[in-house]
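Sharing a structure here in structure tokens format.
In this document, chain identifiers A, B, C, D, E and F correspond to the written order of the chains, with residue numbering beginning at 1 in each.
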Amino acid sequence: MSSAVIAGLLVFGAVYLFMQREMLRVILGFVLLGHAGNVVLMAAGGSARRHEPFGAPGDLSTVADPLPQAFVLTAIVIAFSITIVMLVLAVTGRDEDDDTEADPEEARS
Amino acid sequence: MSGALLPLFVALPLLLSALLLIVGDRRVLHAVGLFGTLLLAIGGALWLVTDFAGSGGAVAHGVAQWPVGISIPFVADMFAALMLAVTAVLTLVCSWFAYASGRAATVYFAPLVLVLTAGVNGALLTADLFNLFVFIEVMLLPSYGLFVLAARHKGTERQVMGARLYVTLNLLTSTIFLMGVGFIYGTAGTVNMAELAGRAATDGTVAISAAVCLFAVAIKAAVVPIHGWLAVAYPATSPAITALFSGLHTKVAIYAIYRIYAVVFDGDAHWLWIGVALCCLTMVAGVLGAVGEKTTRSVLAFHMISQIGYILLGVALFTLAGLAAGIFYLLHHMIVKASLFLSTGAIEVRYGTGRIGALSGMAKREPVIAVAFFVAALSLAGLPPFSGFVAKFSLILAAVDTGHVIAVIVMLAVSLVTLLSMLKIWNGVFWGSAEAPAPHAPAPAGDGAVATASDGVVATASGRRISAALAGPAVVTACLTLALGLGAEVLMGVSTTAAEGLLDTSTYVKAVMDS
Amino acid sequence: MIGVTVGIVILAVACLAAAFRILRGPTEADRAVAGDLLLFGFVGLIALFGVRVANEYTFDIVLVAALVGFLSALSLARALTRGKR
Amino acid sequence: MTEILTVLGNVLIVAGALVFATAALGVARFRDAYMRVSAVGTAGGLGIVFVVTGALLLQPSVSNVVKVVLIITIHLITSAVGTMAIARAAYLTGTPLERYAFDELAADSPTSDRDKEPARKPAAE
Amino acid sequence: MSWLTWPFRVLGFLVWYAGQIVSSSTAVLRDNLTPGQNSTPGVARVRTRCRSDLEVTLLAALITLTPGTLTLGMHDAPVAAQRRRDAEDIRTLYVHSLYSGDADSVRDEVRELEIRLLRAVRRSGGTS
Amino acid sequence: MLLACLAGALLTCALAPLLTRVLGRDAGWLLAVPLLGAAALIALGYDDAAHSPAEPTPAVVESLPWIPSLDVGLALRLDGLSLVFSLLVLVIGAAVLCYATRYLERTDRVDRGKHAGFYALMTGFAAAMLALVLADDLVVFYVAWEATTLCSFLLIARSGDGAREPAIRTLLVTVAGGLVLLAAVTVMIVATGTTRISAVLTHDVWGGQPGLTTLVAVLVAVAAFTKSAQFPFQAWLPDSMVAITPVSAYLHAAAMVKAGIYLLLRFSPVFSGVPAWTVLLVTAGLVTAVFGAVAALRRYDLKELLAYSTMSQLGLLTAMIGVGTTAALSAAVVHTVAHALFKSALFMGVGVIDHNAHTRDLRKLARMNPRMPVTAAIMVLAAASMAGIPLLLGFVSKESMLAAFLDAPGPAWTPWLLTATAALASVFTVAYSARLVLGALGGRRGTMVREAPVTFWAAPAAGALAGLVLGLAPFLLDGLASAGASAAAGSTVEKHLAVWHGPVPELFVSLAVLATGAVLVLARRRVHAVLGPRAFPFSALDGVDRAREGTIRLGGVVGSWTNSPAPARHLAIPAVCLSVVALLAVWRTSELPPVRIAASEPLDWLLALLIGCGVVAMMGARSLISAIVVTGVVGFSITVWFFDLGATDVAMTQLLVEILTVCVMVLLLRRLPARFSSPGARRRVVALLVAGAAGLATTAGVWMLTGRREASPASEYYLTHGYNETGGSNLVNTILVDFRALDTLGELTVLGVAGLTIAALLHGRRPAADDPAPIDERSPVSDPGTNTVFVRTAAWLLGPVIVAMSVILLLRGHYEPGGGFISALVGGAGFTLSYLAAPSDERARVRLPYLWLIGLGVAVGTVTGLLGYLDGSFLRPLHPSVLGFELTTALVFDVGVYLAVIGVILAAFNLLGRPPSDTTKVLPGEPEPGASGPDDPPGSDAAEGTRTEVRKRRRTARRNTPADPATARTPHATHDPGEVNPR
């Protein structure tokens, strides 16, 4: 249940930020959404077993599922890469502004 | 082909890409590496196609040969092989255009395209949903690079916005897909497609989870109501890249929808009506958007949306005829769309604008390009004797066969409006006196991405015309659509084989389980 | 282990107080300071959560946190001057 | 022995958390940014040292001792240096110093326009 | 043979410094936990005799770690002054203090810390 | 033979451009030969079949496979109907080609190819028509149908700028009809299970399913109406008169419009009994007949007049087919032939006049003096045939039609009503025929117009004469008419044509028509005065245009819904959709598997609280710094959460990533405005609602879809076999580098390409200008050199620790927390520290070729994977023994990961944190990205100068425009560090 609430909170913030004007806030929204995805993945392994998966544990019933952890590791790094790219994109191409809504062409027509 | 070789579809482009980065700025080496690898990929894919021709079947290989369910399985069947072949051909053609238009003259181009190829191949071959997510990302990252590489000089506002929109929407898609994969693992305890086979049809929670994945790829495929981003974002890069992406990204998403629905849902008839409804809406919204647009590439981008409705109708019907028609449509569309983007792109590159009405007389000035465009446009509208006709006809036949009257009416009406919008381009760009338009000043390496740059009629100047190298890709693809129309049986035969593999997934599943 | 739980709660509350200061300001410097404090708080929280679940590698991660947490403080300082060194 | 360590560890942890809490209190209550920086640099730094030491007592081992010594050293250095960087940045960007009794830094700035700022006037004592 | 005594000097310094922290903590804590504020904040100029970067960094860090005081920054003497090879006092620290009352007491406190620190860390010992 | 004829026609089409290039306009002579040859072949072939005793209904059948999987083949079948139409198509086609040799303008040697397009399209048109009338495959039929549409479009379109709009309208109407035909074709194929027209026609589905039959009948009828310009799809035909005369002649006499008639006749056997078919055809046909005839009376342009006449005549034909009796069908066949003859002659005759008099307006012609006896004779003969004057073929066919109308089945009043209406149309026909002839004869004064050469008038003369000969000896047509009618009726019909049938009713009707017509001709001025000013209340042409514009306008509206380039709406829509999906899922799901163990612990909620506060703070943050800091709050809370769930590696990675992200953000932050705008109340409310729904959906999803199953088989495998199989005790790491190394290979590629993408992004352009805060430069503590001493000392102290940790983490990754990513991120942190500690941007660079590193990383990863083939599979880890130590290639793989991560971090810091005139190499031998555009030689002074100039101008512009929103929002925007205090 805590995973569910945490994921919900993260998505809530993410979607709210998506709907803001500034690119940076949209990016921050994606940071949150990335967290949410990872929380979902971790939850998918089941949050009842929490012992770190090392070696060849005798009692499997308390050890966390290592597969979602590997998924999350991969996902974190991928999200990191894309976040950097998006941050660069937010400051590239135009001076000063990272506003996502100004569109002179539309204003003209 | 032995299944163990399948990972080479990913490994070789990746390795080449890495080596090109290491050797640095040696343009000839880059071109040789890029085209060589692509030719190799085409060869490999055709090898697979011939393997499966006739009797169908599938080869699979668990990468690194861990036990089944632990290894990431790579599987090829006819559908995958066809997609591998056509995507590689498209990449080749678009890269050719990029080189011809001066777009590829950077140290980044060839490595990025190669990584993109690796990603596409991996996404097509993998039978593991998380791995699919990874390969979608492997496709996307170089795409971001290629997208922005296009607008080399400081782009217009809209281009920057387009790039941002492209990145954000794709990121959203991948994250939702990732969540869906999480849910699938949460409910089914596996992300292996073979182990998931049919699970969504029997287990409601798996169905919901898989639906999240489908939803995500549907965003990528630009299905209504999440279609608008594509029409805004795609025209914001250079023509070659628009063509490339239209052939790769949306199509891989469509491939994933076909695959997931066939395997995980086992074609569950329960939900098909939703698919049919969404497909009809997509067709209509796309084509209406297209007639309303003002630049060639925006028109074409909206068409892509409309055609995606057609293609997905194949899976929404989920009969042999429907799937075969859908696959045929998919392959045909990849080629024709590229042809259209590349013919109008050649004009854009050469004359500096793609604004409808800012050009005229291209039919007289550039007859070769005009013919290429005309052929592809007719094919897109589904007129015989081009491949588009066979695609549309077989799809309508399948829809009539299943009694989807509304879908048939929509398809027919939409093809008329499609023709209308194509006429809009023809009228605004190709017809008229040939004297007025002339090459734009910055031509040779001209910025193809300035689709919206010029409002007025382009200034008069004498000058060169579109070179053979630049026109080549459009002509080749236009010839392909004619050949695929006249020789439709070949493609229809293999599409049917591919469709059989989707209708009865046991071969696919067995191949993975035995790998 | 009650001390650990109490410690966690106290640290968490302290972090919340810091978060409040971040929103409140009034100056950007105040926000940066509160951010610095937050980082410390999380280093402590990691340590405490680690001993709570008896994670073998608690101190590895705390060590990493102490090493790189520094970067965020420096970055915040850099953020205040908007890039001026 | 283990119990003693456990109790001591728990006590240290709570103590560290409380020291840390004073930093938070300072951040919440102090008048200006510099006072807050001061509080964080000290209590934040030391509080965590206490907490980590307490944690060590709960999981004592040789390798952990080495790690914790490293952690404490590193943490003390980095928290101090980080705090100073923030403090300087705050000063350079003109963050006001509230009701100060003396300010030789301002006095040493030759033609600083900061003098004009009312916030920098010495508090009436 | 002063390097032999070095570890002991360091240890002694650490003990002294811990005491300093405890004593100054009480002042801060008292102020912090009681209503109202009775601090006398200010920034004082402190010339240091630290020669190396390590020494000056240590001094600044220790000042910062001491409750109630904080190093704001450093100023180097002009190039001309630095030419004197043996010159000390070429670096000036600016120290923010909460409870010292005036600039001179800040200087005194720091000076004591500095002397003890340098005596501890310099292998030769002492500040000369 | 049929295939050969078709192939010959197509070959002619293919050769036409070439021949035209050689022969100029005279190519028409040569091109006509194969058409005539084909006609002869077809006639002979049919004759053979007709005399073979085996065949009850004579037909020649040939086929070639095309798409067997759809049962589509190039099946051709020659029966009586096909015979009639293919002869018309080929013979009249040949005649028009011959005629065109003189109609077209003579070309010089230079532009010989000018008419290549015309001849190619005309012969193509003939080939398409031939395929259409011979097709025995529904799909081939449709293909040919569309091909005629295309040919006519192109032929019309190439007649100049004025022809564009008519061509488009023609295309749209006829393609719309084509789509209806396609619908009919598919329904027929699905209903009958075959594509063979001959099989479809005899299929018994038609008798059993009246609904289906009606549907198809209506679809076929509508398709034919569009092609044959029947009401209400008639508008395009007169509109398309802009095409040159040979085109019109062919279009009206034998090609385009006749395709519709052929379609109706072809499907008569099936649908003639269907009430909807009859009603539709008769009504539309008669309405068109009258309407067209009346409209023709009002025209001045001879061609236009003829166009309306075609409409009218086709209306009669359509109605005739609708009547559907054998008599009616045979009458229709005969009239089709008659119409083809007189209409081609008339069009070509008008063309001759137009060509020589340079006008075809009868008002202008009246002021001229044409001395063209032959042409006049042709016009008179052909028009008389059209008017149904005895002794001409038109009279014979018209009389047959009237007879069929009089015998029409149905209630007693129908024959009378039909006959009366047809007679009315015929009366007007007489009138407009006279108008045409009188107009064509012209005046007696004014410019004299000379007769054309024989080569010019030969073709129309042949048509007119054929009408006369067949009118005098109609029995010559008996065979053809009987064959055609038999095929159209689906039963054997013997048609005997004669000039004189005795005093039958239709004769009286004919006489009455002629008499009334004569009256109208005599009173022609008054008639015109009555009809002339009356415009029809609506124009179908406007209808087409309005529909077209309306669609385009609607398209603009639909497009504008999603036209915004701002991500907000595009991102919100999926959120809303997902919420709806979740709502449905929650609503539909009745039973869920039980939750396994109470998965939440009290302290979890503390973390949830922290995360919640962080999220809310992020939403509310108005300053960049707070946003970044509270992002850290969330990130660190998540880190703790992962750690709490037993994911040590994940927590470590998350922590490192979080901090490095903050560092990168700070690099960029100086280029962004310091504060966010405050959203309006409405936007905020909408955003909150959408976000709330999405959040709830996610919570519901996670709650429903996780934590409700046993441990997965995969996880049990890893936990029980992972260590033994790989020798690694860090199971997460073994998954990363052994079991699922492919994921990791993809991931390191993603990272590397991110570096590449950043470089590409900054290739040739720059990030937005720096916007540093106003710094008190004279403050004693402002010198960066002095004040970075502390950090530099710390970095100097920590550096070895970082390096050591990085190495340790890398080496131990397989066994304890660590591995390539974590160690590389720690190493990256070292580079970040050295960047942050440097006294100036210039000295902050790390001179490593980062793209090269990235390439190396990917290469190492891939090559390690390829080495796995030594043990049978890609990415199979090897465990070679080196000097007694067992190694694993997984470590090498991790090194690849390490290199890629370092590469991307270096790329980020070097590219974003560098000063403007930096010259870091990204690759050995690669010019600095952004240092110069590809068009400038790298480092050229000119390029540098231009860029500096641009920057200067940008600054100036910024300072001079106070209204600039960026300036308004950022108080420091005009600050230029260069101006304050050059130290």
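One rule holds for everything that comes next: contacts are C-beta pairs under 8 Å (C-beta built on N, C-alpha and C of every residue); 3 or more make two chains touch, one makes a residue touch a chain.
Given the structure is predicted, the values throughout are model-derived calculations rather than measurements.
Chemist: List every chain that touches both chain A and chain D.
Modeler: Touching chain A and chain D alike, sorted by label: C, F.
Chemist: If you tally contacting C-beta pairs, which comes out ahead, A-F or D-F? Let me know.
Modeler: Comparing D-F with A-F, the pair joined by more C-beta contacts is A-F.
Chemist: Take the average of all CA coordinates in chain B, do the same for chain F, and state the distance between these two points in whole angstrom.
Modeler: Centre separation, chain B to chain F: 14 Å.
Chemist: Using CA atom averages as chain centres, what separation in Å is found between chain A and chain C?
Modeler: Once rounded, the distance between the two centres reads 20 Å.
Chemist: How many angstrom lie between the centres of chain C and chain E, each centre taken as the mean Cα position?
Modeler: Here chain C and chain E have centroids separated by 26 Å.
Chemist: Going through chain F residue by residue, note those that touch at least 2 other chains and give them in order.
Modeler: Only 563-567, 571, 624, 644, 646, 648, 660, 665, 698, 701-702, 705-707, 709, 711-712, 714, 718, 740, 743, 746-747, 750, 753-754, 757, 761, 765, 771, 773, 775, 779-782, 787, 790-791, 793-794, 798, 801, 816 qualify.
Chemist: Would you pick out the residues of chain E that each touch at least 2 other chains?
Modeler: 57, 60-61, 71-73, 75, 94
Chemist: I need the residues of chain C touching at least two other chains; which ones are they?
Modeler: Within chain C, residues 8, 15, 28, 32, 34, 50, 53, 55, 57, 60, 63, 67, 69-70, 74, 76, 78, 80-81, 84 contact more than one other chain.
Chemist: So which chains actually touch one another? I want all the pairs, not just one.
Modeler: Once each pair is checked, the touching ones are A-B, A-C, A-F, B-F, C-D, C-F, D-E, D-F, E-F.
Chemist: What residues of chain F sit close enough to touch chain B in their complex?
Modeler: Touching chain B from chain F are residues 65-70, 139, 142-143, 146-147, 150, 157, 161, 164, 168, 171-172, 175-176, 179-180, 182-183, 186-187, 189-190, 548, 551-567, 569-571, 573-574, 577-578, 581, 585, 588-589, 592-593, 698, 701-702, 704-714, 717-718, 725, 738-743, 745-747, 749-750, 753-754, 756-757, 759-761, 763-765, 851-852, 854-859, 861-863, 865-866, 868-869, 871-877, 923-927, 933-935.
Chemist: For the complex, which residues does chain C have touching chain F?
Modeler: Listed in rising order, the residues are 5, 8-9, 12, 15-16, 19, 22-23, 25, 28, 31-32, 34-35, 38-39, 42, 45-46, 49-50, 52-53, 55, 57, 60-61, 63-65, 67-72, 74-76, 78-85.
Chemist: Please output the residues of chain D touching chain E within their complex, sorted ascending.
Modeler: Residue positions touching the partner: 22, 25-26, 29-32, 34-35, 37-39, 41-43, 45-46, 76-77, 79-81, 83-84, 87-88, 91, 97-106, 108.
Chemist: What residues of chain F sit close enough to touch chain A in their complex?
Modeler: Residue list for chain F touching chain A: 563-568, 571-572, 575, 596-601, 604-605, 607-608, 611-612, 615-616, 618-619, 624, 627, 631, 634-635, 638, 641-642, 644-650, 653-654, 657, 660-661, 664-665, 668, 671-673, 676-677, 679, 683, 686-688, 690-692, 694-703, 705-707, 709, 711-712, 714-716, 718-720, 722-724, 729-732, 735-736, 740, 743-744, 746-747, 750-751, 753-754, 757-758, 761-762, 765-769, 771, 816, 821, 901, 904, 908, 911-912, 954, 958, 965-966, 970, 973.
Chemist: Please output the residues of chain F touching chain E within their complex, sorted ascending.
Modeler: 779-783, 785-787, 789-790, 792-794, 796
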